[in-house]
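Both complexes shown next keep chain A, but they swap its partner, so chain B is in the first and chain C is in the second.
So, the complex of A and B:
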């Protein structure tokens, strides 16, 4: 799906070149984000599989695009990203095709669908508007999200938090997690790739004895703030959003170093056919307007160059060297989660 | 005999359609490895434990309330009976949502009243919720049994020296046992099929794990678990077919002079149950409405629900008519009728899995409204057949014969004699199916066309995203729909009583 050069490039970008480079809009081949005013109007029918819109924020974007394009007939199927990826895989196997594009909050589900060979390459003209380190052939990155360890500062000191994700299994901390959530499953996949299956199994078993499950990661962060657990595993923006509403909430962000615990994942769009409407819809998602909105309101990391980063984003980030397309291998992760009875 | 078994053809068709999902499941699971590992055992154990505990809870609540509302001198007895039967009309997922949001750290009760409560989850939470929404089965069936008992027998026992509690225990309860058993089996059936309550309470039962497998698209494993669940359903149905409610010769109805203490205790129990099952959810949804308003809700969700439900009602009635007719004609017809009852035992999530797979094999149907409506029709056909049959049974041949002998043409006889007699049954059948389909969740989750969200699936989406407050409008709308269903249920009950009395 992905050529060797891209792979090396992103591995280098994620691992070796360091955090500042990661967040900054690179100067190389960087082309400023388009404005929605310059795009062609969207006309006709478009069927979108939307992998878990984040509590209305994605709906707001969809509503804004619909308002601007009254002749767009959008039908959206919403479900957890992994569920939709599996639906698309099953559809591909049965030779059924219903969606024009798949918009997912998680790289692994995009990769899983791309592996079925049903995706169309992202047109080069669109790829130019994505930060160079996140350009993939099979899907277009829309926004970045960082794995973090939200903790409750009234219950424990930052110094008491391991900076190695694998060490959490050996602590007696109370941990909140959301095993059914796609981003969590990607994190486990990353751990599997980086540390191997045996260590991941051991880690899951270890953490499970001290963990409490939540339906989603917003629930995890809220539980941390209430002091129901000491800390949790969640994407960065849940904490930032909670802090926006309640600045004095008892939750801060800790990061691990060079491991799955500080994985940088990406939401993205995969084109499922040659419908030009789908490609143009994707262009809207990469406009300055949508990207700024995602950064400002959803606290996600914009993937279009030149768009301001969200406030409160951790600065010293040391993500693992891992290509996001490796996250596609979800099945063994699900087997592992089931085997350890985490899911 | 002018009757020809022409109705057998559509009836047989309906029966075949009702059997199709099971055939599909068997076909799907052929490739799956039969895993009887610890996990599978645990899921089965959870399912059975939830079912047995719910039955126990429903009996503990339902039987005392039945005794009190049947025999005691209560003020506003009819109101109490109606209110206590009401939770039956409320889909248990509304209760599960409310309990999930109300209890535990950071729950609504703590937020509003500052009271720390334990979280409602796991086996205990699921049992509590399921009990609160299924005990009316026991209440109603036990009341029916108690009403048919002759007070003279109890009086005889008491004159022979038995105390009142002993008389209740040794004379009344054994004779009501079959009624209690019939209610309990319905509770078991309902609990086995329920999807949302174990899912929300995070208890790994068959229904929840079928959904997990569906999300991972382990459809063969989902099918295998569906068959295991169906095996449990068949066991319950077998016992159900063995239970015969005994009818005694009608006698005087027992009136118990209950002490004020007992009466107060009974009213307290009734009050608590109503508070937990009805007041709490409505209060929570109301609070959400005040806090969050109507953000995110689109009227299209309600319209979609109503549209699909309307089609389902029409479809079910059209299929039910020949089945009900065929059943009144001969044994083949009755066999067909029995087959259509299968849908009642097939849990929604199982029906969804089977038809989803069918859709992938017949892409013409995949993600279409037709397939969704078909799922509704197959699931709720028994309701329609039952309602239509109860009215066709009243159309006796001699009535039509009389009309004909008085010079009416067959058309006129149908229009002026048969139709007015059947019509209430048809309307009741359509309304029952409509209201059930409006509230259906699991099969809708799996089968809805893209862009087609209903009240129930929107509520589920809001739950999965963790923004419960946005569920206020759909939840309250579903409460209203349930209220209408209740009124219909009770008026149907009243009509049947009038008919049997008259």
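So, the complex of A and C:
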């Protein structure tokens, strides 16, 4: 049994890097995703903290892994990612460790835990099965989601859409947004980190004069398709799902470049000890089968190379260079949204 | 301490209960060992009283110059073993880190020979966290009893166990609770439960629904985020609120049909 206090004291803080340069379906320096058929069977006890996400799909994946590995004794704790991150940090501070692995919907909660020095680096042999632009030492990216600008092509030519997110405040376009939505708040947080508070405040005030608010980002995309607004700000999958159900919906995707408007956030896994079972469980999440399932059923961007992207995803994406863990610092964003009366 | 600046630890007790209820079911449907809170509240109170007594004794002896580090370690072990621990972990999760934080703070203050005031500060935080946990469990017990009644009704009608209720059923039950809570005069809690139901339940199923009937999803989003909250803000009558919920129920029934279709079409992982 691990002496957790010794572990805690001796663990070095791990550096975290955000996505670096150009996102593309690049396979450079990568090894194709493994097949579950090639993995060792999972045998023994494993405790997983599972930050909720993607409806029940994560649960479906867990159930499928369990079914495939009948000798795996899995203990799952489910809760919002931020609550689990707080729990892990608190447990670590108290000198105990109850989880082997933390699988979270967002990178910021992973970063907050990793920053406490309680995790283990992702083994290089596993990192090789992740796309190079999304390889981090401290955590393993599993699947991504992209900020986009859904627009109505019957009201707007693609060429008229700025490729700089900050420029939207200087247009007369009718814009849909969902300020109460978590994904939108992460996007504004990214803008605050990248552009500074003053510019973000100015942007919020500028866009507010031409914006219409919706409860959720599906509502934004639907409003774009109906022509209530010219364009909006939303995660990519709402548009892809809508187009899947209604191929003739009047909505297409535009992207900004190297700024918060093209942020790629990621779900991921943190290994919390040296239990090889945890590492092998992570390998299952990066298999071709699981990655394809996430892309197929949730329209998430697979992080393993060689796995087909969700149908309709823009091919050329240029996300900003950003430490995703900084997205955890939400309070100043909420303050800003309230100060500008956007919220 | 680098805590996440997310609102989750600052939510109301009511919200804690929503989260706790969601966590009451362990992996793949089996019931938590602490699935009858009402029967165990007295035990939890006794355990917390014992822990408080221990903490008081430790802090007093520390102030008198005694070495108490081993006793703090023993206190942590006690916390790990008591039934109260599992109950908080399962039914009042957002409060759970607070207890660990306070225990860790107490341990650190003692290990580093902190001033008496520092140690006493962690004593107060720990005792406060423990009693907040008891309070949360008492309220969770009430909700658990309500859910048991609902489950019994459901079992007679549909043969469904409480822990296996479809999400749509949970949403409909929560909406009934929203109306009931509002009718009892607690609009704030009703709003919290409504919002939590949207975030914790509806958002989880809208992905499949979008592909099949995006207009229905938009309509329900409007109900969750505009129609019902506005009715409550305008202090509409509980009957008016109930009438809107009835309309939502019809939409949710259609959503259930669509989800059943989606389940038939969903591919397998492996």
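In this text, the second predicted complex is superposed on the first by the 191 of 343 C-alpha atoms of A that agree within 3 Å, B and C clash if a C-alpha of one lies under 4 Å from a C-alpha of the other, contacts with A are read in each partner's own complex, and residues count from 1 in each chain.
Going forward, contacts are C-beta pairs under 8 Å (C-beta built on N, C-alpha and C of every residue); 3 or more make two chains touch, one makes a residue touch a chain.
This one's a predicted model, so the numbers in the text were calculated from it and none came from an experiment.
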| item | value |
| --- | --- |
| First, second, both or neither for A:77, with chain B first and chain C second | both |
| Which superposed partner A:250 touches (first chain B, second chain C, both, neither) | neither |
| Partner chain(s) touched by A:87 [first = chain B, second = chain C, both, neither] | both |
| Which superposed partner A:297 touches (first chain B, second chain C, both, neither) | second |
| Chain B versus chain C as contact partner of A:95, first or second or both or neither | both |
| Partner chain in contact with A:215 - chain B first, chain C second, else both or neither | both |
| Partner chain(s) touched by A:228 [first = chain B, second = chain C, both, neither] | first |
| Most chain A residues touched (candidates chain B, chain C) | C |
| Which superposed partner A:47 touches (first chain B, second chain C, both, neither) | first |
| Which of chain B and chain C A:341 touches, first, second, both or neither | first |
| Footprint overlap on chain A, where chain B in one structure and chain C in the other make contact | 52, 54-56, 74-80, 82-83, 86-87, 89-91, 94-96, 180, 215-216, 218-219, 222 |
| Touching residues (chain side chain A, partner chain B) in the complex | 47, 49, 52-56, 59, 74-80, 82-83, 86-87, 89-91, 94-96, 98-99, 180, 213, 215-216, 218-219, 222-223, 226, 228, 334, 338, 341, 343 |
| Chain A - residues contacting chain C, complex | 36, 52, 54-56, 60-66, 68, 74-80, 82-83, 85-87, 89-91, 93-96, 108-109, 112, 115-116, 180, 215-216, 218-219, 222, 237-238, 241-242, 244-246, 249, 289-290, 293, 296-298, 328-331 |
| Chain B residues within the chain A interface of the complex | 39, 105-106, 202, 212, 214-217, 219, 295-296, 360-361, 363, 366-367, 449-453, 461, 463-467, 470 |
| Interface residues, chain C side, partner chain A - complex | 1-6, 8-9, 19, 22-23, 26-28, 76, 80, 89, 93-94, 96-101, 103-105, 107-108, 167, 200, 203-208, 210-215, 217-218, 221-222, 224-226, 266-270 |
